[in-house]
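Which chain is which? They are A, B, C and D, in the order written, and residues in each are numbered from 1.
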Amino acid sequence: MKSASSDTSSILSRAAVKSNIKLNASNFILGLVPERALPGPRPGQFFMFGIDSRKDPLLRRPFCYFRKEDGAIQILYRVVGRVTTLMTGLRAGETVEILGPLGNGYPDFLGSKAEEAGNGKGKTPLVIAGGVGLASVYPLLAGLDGRAHLFYGERTGASLLLVDELRRLSGQVTLATEDGSAGFKGTAAEAAKVFLKGRDKKDFTLYACGPNGMLKAASALGVDGYIASEEKMACGVGVCLGCAVKTAGGFKRACKDGPVFKIGEALFD
Amino acid sequence: MKSASSDTSSILSRAAVKSNIKLNASNFILGLVPERALPGPRPGQFFMFGIDSRKDPLLRRPFCYFRKEDGAIQILYRVVGRVTTLMTGLRAGETVEILGPLGNGYPDFLGSKAEEAGNGKGKTPLVIAGGVGLASVYPLLAGLDGRAHLFYGERTGASLLLVDELRRLSGQVTLATEDGSAGFKGTAAEAAKVFLKGRDKKDFTLYACGPNGMLKAASALGVDGYIASEEKMACGVGVCLGCAVKTAGGFKRACKDGPVFKIGEALFD
Amino acid sequence: MTDLRVGIGSLKLKNPVMTASGTAGYGAELAEFFDPSLLGALVMKGISLEPWQGNPPPRITETPCGMINSIGLQNVGLEMFLREKLPFARQWDVPVIANILGTSADEYVRLAAELDGAGVEGIELNVSCPNIKKGGISFGRDMAVFARLVGAVRKTVKSAALIVKLTPDAPVAEFARAAEESGADAVSLINSIPAMAIDVNTRRPLVKNVIGGLSGPAVKPIAVRMVYQASRAVRVPVIGMGGITEGRDAVEFMLAGAHAVAVGTAIFSDPMAPLKILDGIRAYMENHGIKRVSAITGSVRT
Amino acid sequence: MTDLRVGIGSLKLKNPVMTASGTAGYGAELAEFFDPSLLGALVMKGISLEPWQGNPPPRITETPCGMINSIGLQNVGLEMFLREKLPFARQWDVPVIANILGTSADEYVRLAAELDGAGVEGIELNVSCPNIKKGGISFGRDMAVFARLVGAVRKTVKSAALIVKLTPDAPVAEFARAAEESGADAVSLINSIPAMAIDVNTRRPLVKNVIGGLSGPAVKPIAVRMVYQASRAVRVPVIGMGGITEGRDAVEFMLAGAHAVAVGTAIFSDPMAPLKILDGIRAYMENHGIKRVSAITGSVRT
């Protein structure tokens, strides 16, 4: 008898672990080779990631598309809880499940719709990354042709990731640490605020990803652009309404209506 | 501040996987090197085995002490469900948790209490193993000085394990298969019954391990001796009363009052 | 050849697997993964007369083998449902069951009347909602209020099958019986179970609303027990749900007495879950030589 | 230096961690793993007037993140308890709480009287038992019967702390309030939740008794919610339990409103669990600069 599921098309795929590289104590890059060719992914999109089919942990976890390298899709992950801890034990050849790419991603900033999306060549892209929010904006940097000014913040200097690479990919990099142990003392959004003082905000387009507090601060900078939400998700595909982001038009779904929202659309309180 | 748990002694131990050898599609031998030296174990005792500290599967699973080899404690396991399936993925160097050895084990059949336990040299030990119940009686064979007559049954010939070795360790081996594809057609207990026909049952001592139906049949052979129960267990240490075995004196605990019971003590209905 | 058809009152399903309300939106997102016509029925996210905002985030948190949600019944409201969501779902060859929410009996009756007129195949009453007139205690926990509500909606509903979704924090056998006596064509259970989790570091509840609903595999043994009790209390069909993630789980509910099953939380881990569960039921029937799926219902050997 | 002491009525505990009834026998087996004096209290396996056989096997089955048991309250009976088990437990410097079971109010009263006279520090009423006079519905689900039972036992108990263990299949806030009004010194919750699992291959229930009690991490979010609700309904202390396996879980119950906690199913996976949980609470207090464990109780920020 023919299986019903074989009739259908989806972007759920088993993927082989190609590499699992430790950057420092709590940050890793996982390289995955999906069994099925996946469309895209575009910067700002994400995958729902499942370590195995055991029922605890139950839900998949969202991780941004970080980059492609050596024929693998890579994600940059930070160890904060149960799944990310289990991920550190993954070894090349093991199999995981990914669903994606999901979400809208950043607007098509270099193609034909660039002007309309506020990404005209005349504007300087300001990219703000708080912590592992870096994973979301990283693929933007390459796409932005080395013109971006990146503000990247961590709690402390030792936590800063991939700094040399970021400098190569960006026009300018401002590092920020909350304890002042490296770069600007404060958050990445505060560093951007200082930078913007006296400048014409119309000359810039903003791209920001990080914790909600940071997105709020970035939204308040007065620069047009985009923020990417990292609201908790259960399904990642728009059916559970778990990932509510407050907007003027009511709650929207980070996973399906986002994760990228125009600045001003998503409200933070 | 001093941790309370460091004051205490127990036989809970992390253990390193030394080897995980596949005998056939569904039977494996797992070699474990406990971090702490464990007392014993004696034939018929068991360990509660935990694959990891994730909460699903939640409970530890009981496995018999099979043998010591290459400085490792080995268990023989059959893949029947969730934990045993996960066990097949264990690789040398990984860590698991074991609690044990637990339970009473078979009586001291060769030492000073041998006569009293009905193990006098004048008697021939009959050992009956149904399926992976083999793991329980295996360490008896060596202890019984090669005098035992082993009746070992499986559903089909291809499932029979370690036959050459069993022949080396036993005085005589009778294989039985339910489908008749090897040896006696029927169960191990039925094979023993045929063997006993016309013989004086007082000349024998019985040791049996296998599913409840087989233990019932073995208990009905009219030979004195012991059966080892494999009743489902939650704790393995006597606190949950989950592993009830019916006896004339009410329910007893397979884990603490057993798993070895004198024939006639445990009742099967 | 396996016969997977089941009947829920007037409702004829081509197989016993449906989506659980609130876990499949109005069908559109799932349709990106598979053809909804393959399912027994599509149960829609709960609908109220007016659109509801729902609760502020965080709305979800994972718990051992389960999750808590406090979506707060966010929905597009009846008008938008009738104008956009229902017509869209009509493109698939699958019965549509609307799930309705009110804060007064009157609201339920008006919703049921409109939807029945609009031609949905089933109407599921979510009685876990707070009854504003009764000081916020849910319709599903006060027997007299509950029976009156079901009776009133029964009078309104002419063509659709009327399904009453029982609350798991009330004695289900008694409420199932009351639903049947008040005219329900079927009962469904379980809804999510009131639950709470706290982040020990921030000391804050992990869902903003403090208390939310527990669902997923963790609740399955409670749900199977309730389905067993409810199905022995009534003659109308029972739709079972709560933690179904594999075909085997669905069979377990049917053995306990369910005529059909719904898949909820499992969709979140795998949008294809309903189809995989259907495949699993089919495989089980083939392995066990069962020709008609309805033969499984209630056949647990106690 | 952390102060771990808590008071449950007249009962002074050196720390808030106890064993849950039925999961630590009468203490002897656990003592092979650690010194029971290190615990706040030892709660004994439930005791009835006469010895009870308990249910036939299989009595246990694993479920997602939990287990179902149908031990059927097997116990040695009051006489043997007083003659052997209690004196043995007296060797440790730890308060002993007896857990009692009856099928009539009279049985409860007689048990309480004997145990109070024998000098146990606490008596916990397990009201989930079927009330024979009331057709088998448990004492814990009929409010009037429940209040009368607690009142009657209250009159009998002079020296021990009287703890009433609430049933999770009844509205806990209301029953907690009734227990307090009837004179309970404390309430404890939750008991295991009625549940069922079926082996789809044999079609038989996985515990012989058909329905058993669900415990373990799966029930934790339900238990935390109930502790939260109960603790806000009463002034007497609340003892929280249900799925506690780590120090963090215990803290979660205390944040929700528990004064002390009990560890049950976790002991089955690790006999040292109660001590490890105590260590975890201590570590949490040190990390968060909390001096007195009682400061945690009820401090969830809602």
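The rule is simple: a residue touches a chain if its C-beta (ideal position, glycine included) is under 8 Å from a C-beta of that chain, and two chains touch if they have at least 3 such contacts.
Treat the numbers as computed from the prediction; the structure is a model and nothing was measured.
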Task: Common touching chains of chain D and chain B - done: A, C
Task: Chain pair with the higher count of C-beta pairs in contact (B-C, A-C) - done: A-C
TODO: Please work out the Cα centroid separation of chain A and chain C, and write it as a whole number of Å.
DONE: 35
Open item on the list: Nearest whole angstrom, what separates the Cα centre of chain B from the Cα centre of chain C?
Closed with: 47
Task: Rounded Å distance, chain C centre to chain D centre (Cα mean) - done: 34
Open item on the list: I'd like to verify one number: the distance from the centre of chain A to the centre of chain B, where each centre is the average of its C-alpha atoms, in whole angstrom.
Closed with: 54
Task: Residues of chain D whose C-beta touches two or more other chains - done: 64-66, 216-217
Open item on the list: By the touch rule stated above, which residues of chain B touch at least two different other chains?
Closed with: 55-56
Open item on the list: Graph shape for the chains shown, where an edge means the two chains touch. Line, ring, star, complete, or other?
Closed with: complete
Open item on the list: Quick check: in the complex, which residue numbers of chain A touch chain D?
Closed with: 55-56
Task: Touching residues on chain D, where the partner in the complex is chain A - done: 64-65
Task: Touching residues on chain A, where the partner in the complex is chain C - done: 1, 3-5, 7-10, 12, 50, 55-60, 99, 231-246, 250-251, 256
Open item on the list: Quick check on the complex: what are the chain D residues that touch chain C?
Closed with: 63-66, 68, 141, 169, 171, 193-198, 200, 202-205, 210-211, 214, 216-222, 224-225, 228, 243, 248, 251-252, 255-256, 284, 299-302
Open item on the list: Quick check: in the complex, which residue numbers of chain D touch chain B?
Closed with: 1-2, 22-25, 29-30, 32-35, 38, 45, 51, 53-62, 64-67, 69, 71, 74, 216-217, 245, 265, 267-272, 275-276, 278-279, 282, 286
